[in-house]
Amino acid sequence: MTNRRKRKALGLLFEALCVLAAGIAILVLALILYYVFRRGIAVVNFSFLTSLPAPVGVAGGGIGNALIGSLLMVGLGALIAVPVCIAAAVFLDQNPASKLSAFVRFATRVLSGVPSMVIGLFVFGQLVLRTGNYSALAGGIALSIVMAPIITLSAEEMLRLVPSSQREASMALGATKQQTVFRLVLPGAAGGLIVGVMLAVALAAGQTAPVLLTALTSRFWLESLQQPTASLPVLIYHYATSPFADWQAHAWGAALVLVVAILVLNVTAQLFLGLSNRRR
Amino acid sequence: MKKQSLLTRVLAVLACLVTLVSLLPAMAQADTRPITIEFNARELRGDVAPQIIGGRTMVPMRLIFEALGAEVTWNDATQTVVGRQGNVTISLTIGNRNATVGGRAVALDQPAQIFAGRTMVPVRFIAESLGATVEWDDARRIVRITSAAQSRMRSPVTSELRMTTGGASFPFPLYTRLITEYAAVTNPRVQIEYASVGSGAGIRGILARTFDFAGSDAPMTAAQQAQVWPNEVLHIPTVMGAVAVVYNLGGIGSGLRLTPGALADIYLGRVTHWNDPSIRLLNPTLSLPDQRITLVRRSDSSGTTFIFTNYLSKVSPTWRTDVGEGTTVRWPGTTIGGAGNAGVAAQVSQLPGAIGYVELSTAVQSRLSMAHMQNRAGNFIAPSVEAASAAAIIMEDASFMTHPTDSIAHTAYPIVGITWILVYRDQENEAKARATVDFLRWAVVERNLEPFAAELHYSPLPETGINRVRRLLQSITFGGQPVWR
Amino acid sequence: MQAIRRALYSGTREGVFHYVTLLAALGLVALVVSIFLVVTLQSAPAWRAFGLSFLTTSIWDPMANQFGAVPALLGTVITAVLALAVATPLSIGTAVFLSEIVPQSWRRPLSFVVELLAAVPSVVYGLWGLFVLAPWLRTGLGQLLADYLGFLPIFAGPSLGIGVLTASLVLAIMVLPTITAISGEVMRGVPPELREAMFALGATRWEVVTKVILPSSKSGIAGALLLGLGRAIGEAIAVTMVIGNANLIPVSLLAPAQTMASLIVSEFPEAFDLHLSALLLLATLLFSITLIINLIAAWFFYRPSQHVAATAKGSVWAKLLRKGS
């Protein structure tokens, strides 16, 4: 009898510890979000979002050019990565068992484990040093490499969810493989593909090291893809490690903008996934 | 009949020719090509095109007044236009040749008049009354108006230019201010990016030509200069600055006295607590806590470290033999690194008991307590713009290529460094060469940096230094020709 | 190989389509190979100059061109292991909570909230670590450790707020969602019949988890931990902001130190020649270590295990990838 009570008590203790662990995890997230919101909201307003950074000792200033730079470089990265990665995913989906596919999958997983810093070093050496300038283009390319593994592997997973019965039906009706892919498989998996891209974009938007090494930073408006370009993560990094109170406050403001953007992307992706799952 | 008719015909032809020739000027007058109004090199466009009436170019009143920054009011009852810019008021009445400028009556060739529903005013009269200059380009039918402010503008280049530069973080706050100001006084605009990445990165950037010019607090080594031979990288001094010894001791503000020996002992790890007798003896009035000294240093290679270790090597034989000077050194004690001047200041302000070294501007901006250092004459001197300037009055090196640390001047602060801008002597791009020379001339030689330097706690170069900069700038060439005009 | 041959020999439009997708796939492979080659080649001068002594000496002196990576290597290992030590019980507890305890309807929103932790950019973790966690640790936990356990070498020295402990805690928070999500996925792959059978026999949840769930998903959890380790080792920006960047062999958890990634971040912009090459050698090492860790993790996920459902295995990678890096 005592043995049974002991077992029950142990079981309850265990459950309590698990609840505690989950509570801590959620508490930490809440703490981080709380600080980002509390310190960020104090500086975020329309002019903060639309002005250029101010020199030290000059009041005002904002993150307008960093916001645009981030949007542009992430967009550029997606523009490069999406077609290539979805094509690669189609290849993996069409040739699921080939040895080459296994190798491509392996390489993509390796790429997902490469520290983003190393990707920055690679693009710096291959592009920045060769062209002689830091640029938004180099930043976009570095981000496309960061995005590649997520888009490829999540796209493959999404393509695989299109039932083979439908594909066989399409082929039986005389459609070529290409037609089947374009008319059936890709549209069928579109929701999932978009989710993968959104998550990749959310990840790329928060990258610091690859952008710092390739696009450097800028205090002016973006005028060309060939010039150093500001971005939100680099701005946060520089401002956070500065001793100036107004710059530190701006770092929190920029962090708030970045975190909100990334959370919105994630929540939208999640809702989208729920929606497309339900439809299926 | 035939003869007569021939004569008549000849006469008729002659008459036609004469008429034609006499009409020519009139035809030229009636040139109907549109007129363009350019204001500070940008085209001004209104809803009604400029018209030439009676030999005067007339433009819509709002267009020209607003371009010149004047306020316009329209009095419908008296049919009068009043433009006001600063303390100048211009008043014109429709159809009336008498106008007033600042209360004085002026007679006009052409009065203001209504054309296509708009009030048209003579452009030259308005522009010149408000201090602008007006030129008429007859060939292209352009009225060029240059505002008073714009005529003081600098135009080193013919089209807008952006330059990528970077390096030392020591002068970064000053350079960001200068660059913002310079962009505002150039037309076409010259925008200079200066990334605060450290002197080492600046030197690497100029060698790899990823930077158009670089900032550095440390001169390049002979080996680095050899890489660019037969070209040469010029070191142009811009400002000097004190390196402040900062600390975080709760209630104790600026004014802690330190001797060169005490500072060296602290950084050598020989003095580990703030209440060490050697510090207490120098500061009998302060109640120093029994707190561990946390040493903060630059984690990146930097000119500030160079100035600081250069000073310690001059004043401490142990430092010279055990550690030496350099942009990064092997620190003997346990140290915490901060990236950039800003990073060190951030660490010091975060850590109670910390001591660190940052440029004066950063120290003041981040409200850190600063030590008074004993100089060679034995005086305890607070870091300041004046005390740093004093260090260069007796300059041991006339080429301004070494830091004036441990100066013999009585009022000099002892830890003072120079910061340089590194520029190739022979330039590859003409526009960038002109912009670089003009920027440095504007900033240093024409002393436009001085108000900002004072505000941000840098010390301007003495006269001898400015002369040196002029000579260096005059030696910069593009395609074998000097760029300086 | 077979795929290439097939693509090259079929001259139809199908062939072109196939060829385009093949090219994209090969492009990814070429990218990975060239990243590895380029970084390795650039690090060759440092390898030639120092060889194995790079891994066994501890003097890092750019002025004297002498580079030994021991402090950075140890710093990396210690922070990563410590981060894992903190994150493992938390994340496995959270995973058990999310997959075994919480009602079905709550599972998705709660897992999503935990996964959001992974979406927060590392620079924001650094910002938070530097301005919120570090001051709190300096006066709170760090001060307690220094006061009461200061006689132990690992807690020696003053509580600075930044250093190994802070870096490890930030890393622990950063790897928590990765480990939680993957091990949760693996646990959910355990067939429900096994659980139901145990509960029917009157087992408590503790017993079900320890006797059925954990044993059948242990290789998946090991994989999850390894991937978390890989992330912790590779993290650069957040660590650089809170570790203090001192080139010291980390003995005390309260002292500043350096990891391989933070050393690269703080010195790369300033490095020339051999110094640069030495940093790239660190990058090569970092790349190789994460590669090996990923390989072992992959082996854990893919080795035959009757209880891990195939779907769980397949989606683990895609799931993991969404967890950020």
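For reference, chains read A, B and C in written order, and residue numbers begin at 1 within each chain.
Throughout what follows, contacts are C-beta pairs under 8 Å (C-beta built on N, C-alpha and C of every residue); 3 or more make two chains touch, one makes a residue touch a chain.
These numbers were taken from a predicted model, which means no experiment stands behind them.
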When you take the mean of every protein CA atom shown, which chain's own CA mean is nearest to it?
-> A
Of all chains present, which has the mean Cα position farthest from that of chain A?
-> B
Centroid distance [mean C-alpha coordinates] between chain B and chain A, Å | 38
Centre to centre, by mean C-alpha position, how many angstrom separate chain A and chain C?
-> 17
Per the C-alpha means, the centres of chain B and chain C lie apart by a whole-Å value of 46
Residue numbers of chain B (touch at least two other chains) | 197, 338-339, 346
Chain C residues touching 2+ other chains are 130
Hey, what residues on chain A touch two or more of the other chains?
-> 241
What residues of chain A sit close enough to touch chain B in their complex?
-> 55-58, 128-129, 132-134, 216-220, 223, 227-228, 238, 241-245
If you look only at chain B, which of its residues touch chain C in the complex?
-> 197-201, 203-204, 292, 294, 299-302, 324, 326-330, 334-339, 346-347, 350-351, 353
What part of chain C is in contact with chain A in the complex they form?
-> 1-4, 13-14, 17-18, 20-29, 31-35, 38-39, 42, 89-94, 96-98, 100-102, 108, 110, 112-117, 119-128, 130-132, 173, 176-177, 180, 204-207, 209, 227, 230, 233-237, 241, 261, 264-265, 268, 280, 283, 286-287, 290-291, 293-294, 298, 314-315, 317-318, 320-322, 324-325
Chain C to chain B touching residues, read off their complex | 59, 61-64, 130, 134-135, 138, 157-158, 160-162, 240, 244-246, 248, 255-256, 266-267, 269-272
Which part of chain A faces chain C closely enough to touch in the complex?
-> 7-8, 10-11, 13-15, 17-22, 24-26, 28-29, 31-32, 35-36, 39, 83-85, 87-88, 90-92, 94-95, 98-101, 103-104, 106-119, 121-122, 125-126, 145-146, 148-150, 152-154, 156-157, 160, 176-178, 181, 196, 199, 202-203, 205-209, 213, 233, 236-237, 240-241, 248, 251-252, 255, 258-259, 262-263, 266, 270, 274
